[in-house]
């Protein structure tokens, strides 16, 4: 039985070699990535048994997604189907001023028609934590409804619910996102939200500390994490605000940093850490993730522990 | 001004390394392929100026398609758009008994909404030959209508029309194909059709010679080519039937063989060859194509000439 | 609960690109392979839940092995340890007259010290079939003893035992192999053995039919399979001998053919097939395996079914 | 009809993987590069139809050059020939203190025998701008004469002439360069020159502002651009001097930076920009080029626009 | 002290991936190859200490050639120079009817100016065998004179001279080759010549046995080997003719087959084999070479021995 | 005859692509590396003829090691054997905070059984300098004894002995290292030691200048070099202490930096440089090494000279 269950879309990512242009690429590297499976993997690597639920096309592309997630250590419980595509995205990563660009090609993905009755709700009810993100309900009206039903199932089972706001401008407008996502807030125990989303999407004012406090008070969350990129994160819990700095890192791939953070935070909380300690481990895992290509936090608990203790290390031989 | 103008969808093809499985691939090679651009390239390589028309998304994937086609020598005249995907397909090529498998991921491609008014019809009217295939109208009802309108534009301009029946079972049923495609037949001068499609889709009976003769007589085509894979091809013209054998070849990539054949046939006819001579060159180009990776006949007129004359050659040094 | 449990060593395989020489390689492709995990994967792909048990070093190389096996679909239940190496082998694959050459580098692997008390014997007792091969006891005296103890555990649990003789001349002499392996025979229900090993190692005489019959009678096996490479296989069961031909195949990688055969045979027998039908599926899976790079039968039940029905297929598009 | 026509040599570049040594390379990446085609591509990407003229060997290497330039969007008008090599160069790119090293292998290239009568002079006469560089006349005495004749043809057609001084110490001495290139100056409208070349080759004194002013006054240029690497550029026009800073950039490939600058400057001037605005866009394109592997500015007008407006951007998803 | 010394040009070979076209290649594999170094390597692998002499540019490309030859086991004794190119060639290998095509880019190579006084003639005088081929004098008049001088030095030292006729149509005409090469014949002890060259270049008539006999008698060679591709070889020695069949082989790379044959023949003769036995080993080495990518016979004496004894072998594990 | 002879183990290094994880790698790059061959190569590149001695398995892996070392320019004199493994190591290189990690897989390597009588002691006696390092005696008790015997042979021949302390925590404890290595000190002329090892292993106190002085005085070394990573090095000679700074460098591969330093120091001392000059060249070579992938200092004497003179350089074209 998994302690953490997550639900969402995991895409195949196609990316040319480092610095190459999509327009000119002769080869694409294939990775898998999705916020909810990223979070599950990070938690599993930290010692929390985790399962990812989804709806996936029964073809080699769907099997590639499931196989890779299993390789990285988590369990998968998917509804295999014969209609609907495997969602993909194209990513071109480059330095400044070109920057990183993403082209989503995920419309009509198999998961967009996933209804709660197709999914193994008992897994959610029996878990300790259920996680999903604001990307999932953005994908289709059906999924918005399904998200709500899964959060309800979690409540029925006494399962703690964690949710990453994860606003994606290429999927919906701030208004649509706000309207849909705030309906979920009463069913959510732990909210993770970027300060930028709180300000630009929810229209909240004040500094991140105030935002965390205001969100926590207004919606009766148990915990609110406000992330601020290179400026660290704010944790609000029991009406107390904790600040967490980032660890310095040589960034290879920024994608998935937040998911590594969130998965590690959940895992450490389940291990019994208090919020500031869990934030510290989460921050260390996020720094490690940035040194790893792809979307996934392919790290070990020992490595996270070592960063928390020593920051960095010399060649070990 | 191009002598040959073609219209259709060109996809990005993603394929793992030779013999590798899609399910397990870490990298995909990127190729471009589509019947109508393949035909234009083959014709251009044989000396016939050619232009491919289409509707393509204005993004790096669309630019990749257009750039590669230009690299291979043809002109492109596309309607760039901001809605609609770049169609793709996945191909796993293997020996027997595994065989080659294709997964289309082309629904909602930009071209599916292409209407005649978005296209440069004067190019068609001013060309000597206009070519498209049965894949195009299979992609959407809009495209079926557009195909009809382009064939009409060709007629207005006195442009010869060539058409490859190209039935694709993953796109529509034999009944749908027959109903739609036979409506185009009166507007077509040169029909290319696989014997298998004539039998299984159109329900024609008799041997390929009879099929060619019957099709030619019934629909008043100027020329009918019936292809028979490794058994060669039949050409019907002026009420005479010509048989053409295949040239032996070490097959590396069978995809695009028929398009190399058709493009070369058109080019050589435009050069003034009679039908049997054009079939001979077409067959030589088809054999060369099978030695070339990807969908495209990246060959030279001299190489085709050499195969027609000598069959094959030793190391040249 | 897995229906099939196997126990054995899985190595990392390092191989240069096709036809390249080990001496001159700049890069090695990394695969995982081992008879017992290969068998488990083949069975799982055919629909039989399977678990591989082993002892593996707690380092990135051990995690690579476990991750890849999970990717391919099976469960793993391993004793992680901090002493002992990850076994590897180097493979250079070439055409004739060079042939394929293997350099084992597996001495002192972690598994060589595995004792029964470190392993989850209940998994074996609760399974329907337990499988291991003659490679395992060849690796160390400890493993010979452990193999005997696992076979005993299977008997305790009423679990059917299947065993592939798998003689490896680079590991031990025919005399050593015969002495050790025949001690296991009384505890084995299903024996798979190459005709060559029966003749050269066990010193049996007669044609493969006779060998199968004599082995079956002498040691009271439930089933004996004698494999004969490109000449097919013999199945002896209930005192009846069945002959099975091979399916023609374009061989890309011969390694793992026998394991695909055995895993499929077990899976189909568990599905209720009689011996000749199971042999037919096993032979189809073996033919498919040979088209797939690496050691593992990364195929689907549908593909095996299709080969049994149609032999081979054209491009599907 | 192209607004910009350029003439010069485009080489095949062979380079080992990043940081690898030429001496030890097992593989070379193949790129195409040449100052005059680089400038044409940059202009085309900014919206100015451009054609590159040259003389190229009729073999696969020559076709590779022409095909790649067409892929990148420009037209080509070449004299195909059967004598003369395809020029190549080898490039090893490394960090400090090793630095980047170039080995030219371009002697006896096909273009070294190109005479004006082999080229399509009407293209030059009908263009709005004609561009070539100081590399072209350095390649052979024939090319020095041809360069002069092409500049004359431009004058005949009322075509603006732009010229990059581009001194290459591996091709000729400062004295040879000065003697030859200053003869061209009376026929040149827009001169681009590195401050370093103005000082070390032409022997001019003073700061770059003075150099620009003195050059402009002395030779009656319409516009003089003096480039200063990381210190930006100076534009002299209508007796006014404009200073342009560089945009910060994460350099992946410095080769071609100046060509991206010049091509963009020309394109924006043709669009009607005043000199300081055109310099700003040119500087933005140069910064983007440095993030792109190879010699060519494979960028879009939108990206340049975005850098001018915002400097850099976050991940767009 | 080396028993075998050879002199000639070794080129860098650039080839796209298998079956890819030069015109479309994004990457070139780099190999080294030249008849005289190939022969030296084959002999060394069979146990004969060998040295290759040449003139090579002092740059990374020249060092690559020398380094790779040293890697393969031979000694090198080169005149390093600062003028003259590193010769290269481009090779596109394909199946029929496309065939394999070679583009030489070797004019003005450093070796073309090599004079005897730049070379270590004592190495030749002290060797047991000196080898060069008809390619060397074809490269420049200077090299034709140098070849004559090296053969003279060999005679002075009592060194046996071996010579491969190796006509290359891309370097000179049959008349030029005949005129130059027959002048060397009096100084040559062992002549290797393709039957095709004997017929088409020297204009000899009769079957290969007669050709061998006539050549041997007319020019007073000690030994004449006439090679016939897939039909084997003829050895004439002491007025006796020996026929040698080929061993069957799965050809990966035919380039260098003849050099592997000749190098092995020389090595085995030096070991004391009689002519038919040496031909047998030479034929075995030639078959092995064809399974190895590149130009070089990267094989072992044990492998050659094994082919002579067993023809081919199964997987060894 | 080589001026420098070194003795030690050279391993095959397997490393995934830059930043990739060992756990997830599909391909390993193959390099060769070992302190003693690294030192020999650095010295050879600086102009000192050098030979590496070792004991190596007679198989393709052993031949790969020897071939690559020969490619890089040194001579090899190895005892080929049929027992014992080729030592390997796995390296994952990453930025901070992940860092670089090494997994040794070198136990039971062929060299661990090497005795002095198997080695060509005359090579050592006839050399000017003999070099080995503290890694060699750490590999086995036999090798500790052999190391002592080789140092004695050097003394017999009047050969200067140089020794790098090179403590490896994964091979032995500080106590074991101190006990064994200090026994060698009386036979050593030139000692190289990291300040960190002097402090943490030998337990010396004081700053590096004092350490160098104390070591030199206590053990009567001719020269002591104390290296301090990015803080440069201290050279003690004739009772005088010299300080050497590092040259700035863009690090690609830190492995082998110290060996490049030591090999260059030895070579320059043999050329007649005084200690401070030799330290300067050594420091320049170390900076260049860090820009080169792999373990080996594949640089040229001219490049080192250029760094000493100019620090760094712009693009040379």
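Chains: A, B, C, D, E and F, in written order; residue numbering restarts at 1 for each.
In this section, a contact is a pair of C-beta atoms (placed from the backbone, for glycine too) under 8 Å apart; a residue touches a chain by one contact, two chains touch by 3 or more.
All figures in this text were calculated on a predicted structure; none of them were measured in a lab.
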{"item": "Smallest number of contact steps required from subunit B to reach subunit F", "value": "2"}
{"item": "Most distant chain from subunit D, judged by the mean position of its C-alpha atoms", "value": "C"}
{"item": "Remotest chain, subunit B as reference, centres from CA atoms", "value": "F"}
{"item": "For subunit D paired with subunit F, centre-to-centre distance based on mean C-alpha positions, whole Å", "value": "46"}
{"item": "Separation of subunit A from subunit C, taking each centre as the mean of its C-alpha atoms, in whole Å", "value": "39"}
{"item": "Subunit B: positions in contact with at least two other chains", "value": "21, 23-24, 26, 67, 71"}
{"item": "Chain contact graph, described as a line, ring, star, complete graph or other shape", "value": "other"}
{"item": "Every chain pair meeting the contact rule", "value": "A-B, A-C, A-D, A-F, B-C, B-D, B-E, C-E, C-F, D-E, D-F, E-F"}
{"item": "Subunit C residues touching subunit F - in the complex, by the definition given at the top", "value": "14, 21-30, 59-61, 63-64, 67, 85-86, 88, 90, 92, 103, 105, 107-108"}
{"item": "Residues of subunit F that touch subunit D when the two form their complex", "value": "71, 247-252, 284, 287-288, 291-293, 298-299, 303, 307, 311-317"}
{"item": "Interface residues, subunit E side, partner subunit B - complex", "value": "19-21, 23-24, 94-102, 104, 168-170, 254-255"}
{"item": "Subunit C-touching residues of subunit A, taken from the complex the two chains share", "value": "67-68, 70-73"}
